[in-house]
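The structures considered in this document are given below.
Shared between the two complexes below is subunit A, which pairs with subunit B and subunit C, respectively.
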Partner chain A sequence: MNSIEVQDLNLWYGDFQALKSVSCAFAEKNITAIIGPSGCGKSTMLRVFNRMNDLIEGVRVSGRIVIEGRNILEPGTDLVWLRKNVGMVFQRPNPFPLSVYENIAFGEKIHSSGTGGKGRLDQVVEESLRSVLLWDELKDKLHKPALGLSLEQKQRLCIARLIAVKPQVLLMDEPCSTLDPQATARIEELMRELKREYSIVIVTHNMQQAARVSDDTGFMLLGELVEFTRTQEIFTAPKDKRTEEYITGRYG
Partner chain B sequence: MERHLDEVLQELRKDILRIGVLAQESIFKSIEALKNRDKTQAQEVIDADTKIDELEISIDEKCVDLVARYQPMAGDLRFITTGMKINAELERIADIAVDIAERVLEIADRQLLKPLIDTPKLSAVAQRMVGDAIDAFIRRDVELARKVVLSDSEADQLRNAIQSELMNDFLAKDPATADRAVPLLLIARYLERICDHATNIAEDVIYMVEAKVVKHHPEQLS
Partner chain C sequence: MRKDPLKTQRIAFFLMFLATFLVVVPVGLIVVIIVQKGLPAMSWQFLTDMPRQGMRAGGIFPAIIGTLYLVSGAIIFALPIGLLAAVYLSEYARDNLLTRIIKLAIVNLAGVPSVVYGLFGLALFVVFLKFGASILSGSLTLGIMILPIIITTSREALESVPQSFREVSLSLGASKWQTIRHIVLPNAIPGILTGTILGLGRAAGETAPILFTVAAFYLPQLPSSLFDQAMALPYHLYVLSTQVPNVDPKITYGTALVLLAIVLFMNLIAIVIRYRFRKLKKW
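Entry: the complex of A and B
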């Protein structure tokens, strides 16, 4: 099963074409890495998956992106539904200026029917923190401000905040670029845990990270998806010369 | 873009060529020692092995260091991993040359059982295969590598011919010939194993260049 199917996706920022006829399928409960030099379109593609580019003026998109059987590019797509199902983790962790507890309860309050009350919320908070391995660290600090946490804790909290609303897909845009190597390793470990339940798409500049954590890898260049295949294959025997040049550091 | 890694890989290529040349020299000398029953030359092969062993270790260390420092990918990774394997194959080939030299020391003072005919042929095949395998690696020549892999059956046939002659015409008829026949049997076996190692090198070259595994998959060869 695929979590996301992309068919002939094109995207323009005004006259500039940032994505050129991209087609690929993201496998369910897999980690897929998208790599490529700055400006290749990888973050753009990630943002299309939960329609964040809608906010940018002059953006035009064509093609199809099928998630849960729906083409999410169709007008009238329920964006609240979409963003609940497809959550995004950013480069800089961005918790709300609220308590740890409120950060996680926030989504549940918006998306749930409001049944279950406080007991239900407590349960969601605990489960979400446990699944990002933060519960033991933070269970006595649930009402402390989230902005006081370490960078790594903040990033885990942001992931927990997404998990709280039970998405299908987690999009991660350079999730470790502000973290030190140990914290990076722990987030990568968490990603491996999370892929049992979720499909993950990660955009990264760190090729070793892509090689370590992902099952599939796509290489993008100038808006084109040059190669998309099993990670092992792309890093040991890429088919396209441009992929080879990029991952061996000959490009540019 | 020129990379520092390219320079380092070029050094590695030269080192592997160096151990390859030494291994070839050992085979050549051990065969010459056999043909001429020359104990001095046989001893030289045995003595040269330490240098080859040291070179093997230093190449191995360089490869590990390269992986640690550069975290090579794709073609670079295949070059380094193949280089490590070829290094080990060449060291084994040199060891086998030592085995031949030791058998030469055993039989040098004994009367030759029969004039050597197929053994020099087999040794010529072995030397050619090793030379071609090293060339294929240095020049990234997959056609030559394929030729080496296909030559292996020639080596097997020659070894079988030597073996059945020694077994049927000598050992079966007169077991007292054992002390002269068995070393020749072993030498034929050694030469055939050298050819096997050359075949391994050639298969590794095909993987390095084309990322295609032909080892144990002869149908992949074409």
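Entry: the complex of A and C
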């Protein structure tokens, strides 16, 4: 089963073509890494998957992206449904200026009509914090402001906030780029845990990270998806010369 | 001859200090003089009594109450409209030539002389809509006068909420309205309140807008409906100091002191709110 299928995807920002005829399929309950130099379109592609690019004026898209049997590029797509299913973790940890508890309860607050009450909410908060291994650290600080946490805790909290919405796919846009190596290692560990239940797509600058955590890897250059295959293969026997140049450090 | 940089710096510092001093001194003097001359008039009776003997004796109670009515009326009218307009302009409206012109026009409206608002209120509310010279006309006129202040400060408050909060909220499946309601507005409230209170302070102190629309020269009774005329502090002060002969200056300065205290008190609240919330936010 594939979590996301991309067919002949093109995207323009005004006159600039940022994605050129990209086709690929992301396997379910897998970690797929997208690597490539800055400006190659990897973040753009990630943001098409939950239509966050809609926020930018002058964006045009063509092609098909099928998620759960629906082409999400169709004009009538229910964006609330899409974003509940395909959630995003951003580069900079960005908790709301609320308490830890309220951050995680946010999704529940906007999606449920208030049924289930406090007990149900407490349960969601605990489960979500447990799944990002923050519960033991934060169970006594649930009502402390989330902005007072460390960067790593903030990023975990953001992942927990996302998990509380129960998505199928987690999109991660360089989730470790503001973290130190130890924190990065622990987030990577968490990603391996999470892939049992979620399909993960991670955009990263860090090739070692892609090699360490991902099952599949795609290499992008100037808006093209140059190569997309098993991670082991791409790092040991790249088929395209440009991929080889990039992973051996002769590019970007 | 080479200039001695240290000496240049000292001269520059001295000039800047002098400029600051010149700005602060008149303000300080005004406060000192008004307090000094007005304080002897202060008594519970002065604050709660009707004016008597053609305003030469008695208190200023109806003027205080009139000002409170006018300010409340202005805010009831201006805050909802101003806030909705600000939300629309900063969250919904596309950034194009038309909205830019509208935003510029609103900023400029804040600089229109208040007497122009007074004439506008006279033409629209008093004459055309036949509200007469009344608390309703005066409140609406003051409301229109402070709308640009409320819209501009609210817009600034809304726009200072980081874009990333909106992005995250939308990415979690919240609708645009839910994002505004749960994330943007709560974080903008201190700024909105500050602007509103500053607007209120302005409304409390202006004479020209109420001159034609509500203010009564001498009305030693409290208004009983929205369509009554009322006395108000700024206009009462103007009347006392120019229209009534042989007024004890104590009463004039006492009135000035009350007006000044009300306006300063409102600004103080605005400062406290801003200070308290600034400490809370850390993004």
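The criterion applied here is as follows: the second predicted complex is superposed on the first by the 250 of 252 C-alpha atoms of A that agree within 3 Å, B and C clash if a C-alpha of one lies under 4 Å from a C-alpha of the other, contacts with A are read in each partner's own complex, and residues count from 1 in each chain.
We adopt the following convention: a residue touches a chain if its C-beta (ideal position, glycine included) is under 8 Å from a C-beta of that chain, and two chains touch if they have at least 3 such contacts.
No experiment lies behind these values; they were computed from the predicted model shown.
Novice: Looking at subunit A, does subunit C or subunit B touch more of its residues?
Specialist: C
Novice: Where does A:106 make contact in the superposed view: on subunit B (first), on subunit C (second), on both, or on neither?
Specialist: In the superposed model, A:106 contacts subunit C only, not subunit B.
Novice: For A:207 in the superposed arrangement: first (subunit B), second (subunit C), both or neither?
Specialist: In the superposition, A:207 touches subunit B alone.
Novice: After lining up the shared chain so the two structures overlap, which partner does A:237 touch, if you call subunit B first and subunit C second: first, second, both or neither?
Specialist: first
Novice: If we overlay the two complexes on their shared chain A, which of subunit B and subunit C does A:175 touch? Say first, second, both or neither.
Specialist: After superposition on chain A, A:175 lies in contact with neither partner.
Novice: Just subunit B (first), just subunit C (second), both, or neither: which does A:96 touch?
Specialist: In the superposed model, A:96 contacts subunit C only, not subunit B.
Novice: So, does A:218 touch the first partner subunit B, the second partner subunit C, both, or neither?
Specialist: Touch status of A:218: no partner.
Novice: In the overlaid three-chain picture, which partner chain does A:36 touch, first (subunit B) or second (subunit C), both, or neither?
Specialist: In the superposition, A:36 contacts neither subunit B nor subunit C.
Novice: Do subunit B and subunit C land on any of the same subunit A residues, and which?
Specialist: Overlap of subunit B and subunit C footprints on subunit A: empty.
Novice: Please output the residues of subunit C touching subunit A within their complex, sorted ascending.
Specialist: Where subunit C meets subunit A, its residues are 94, 164-165, 167-175, 178, 182-183, 187, 280-283.
Novice: Within the complex, which stretch of subunit B touches subunit A?
Specialist: Going through subunit B, the ones touching subunit A are 1, 3, 5, 71-78, 211.
Novice: Subunit B touches which residues of subunit A in the complex?
Specialist: 207-208, 211, 235-238, 243-244, 247-252
Novice: Spell out the part of subunit A that touches subunit C in their complex, as residue ranges.
Specialist: 50, 52, 55, 57, 79-84, 87-88, 90, 92, 94, 96-97, 106-107, 109-111, 145, 147-148, 158, 161-162, 165
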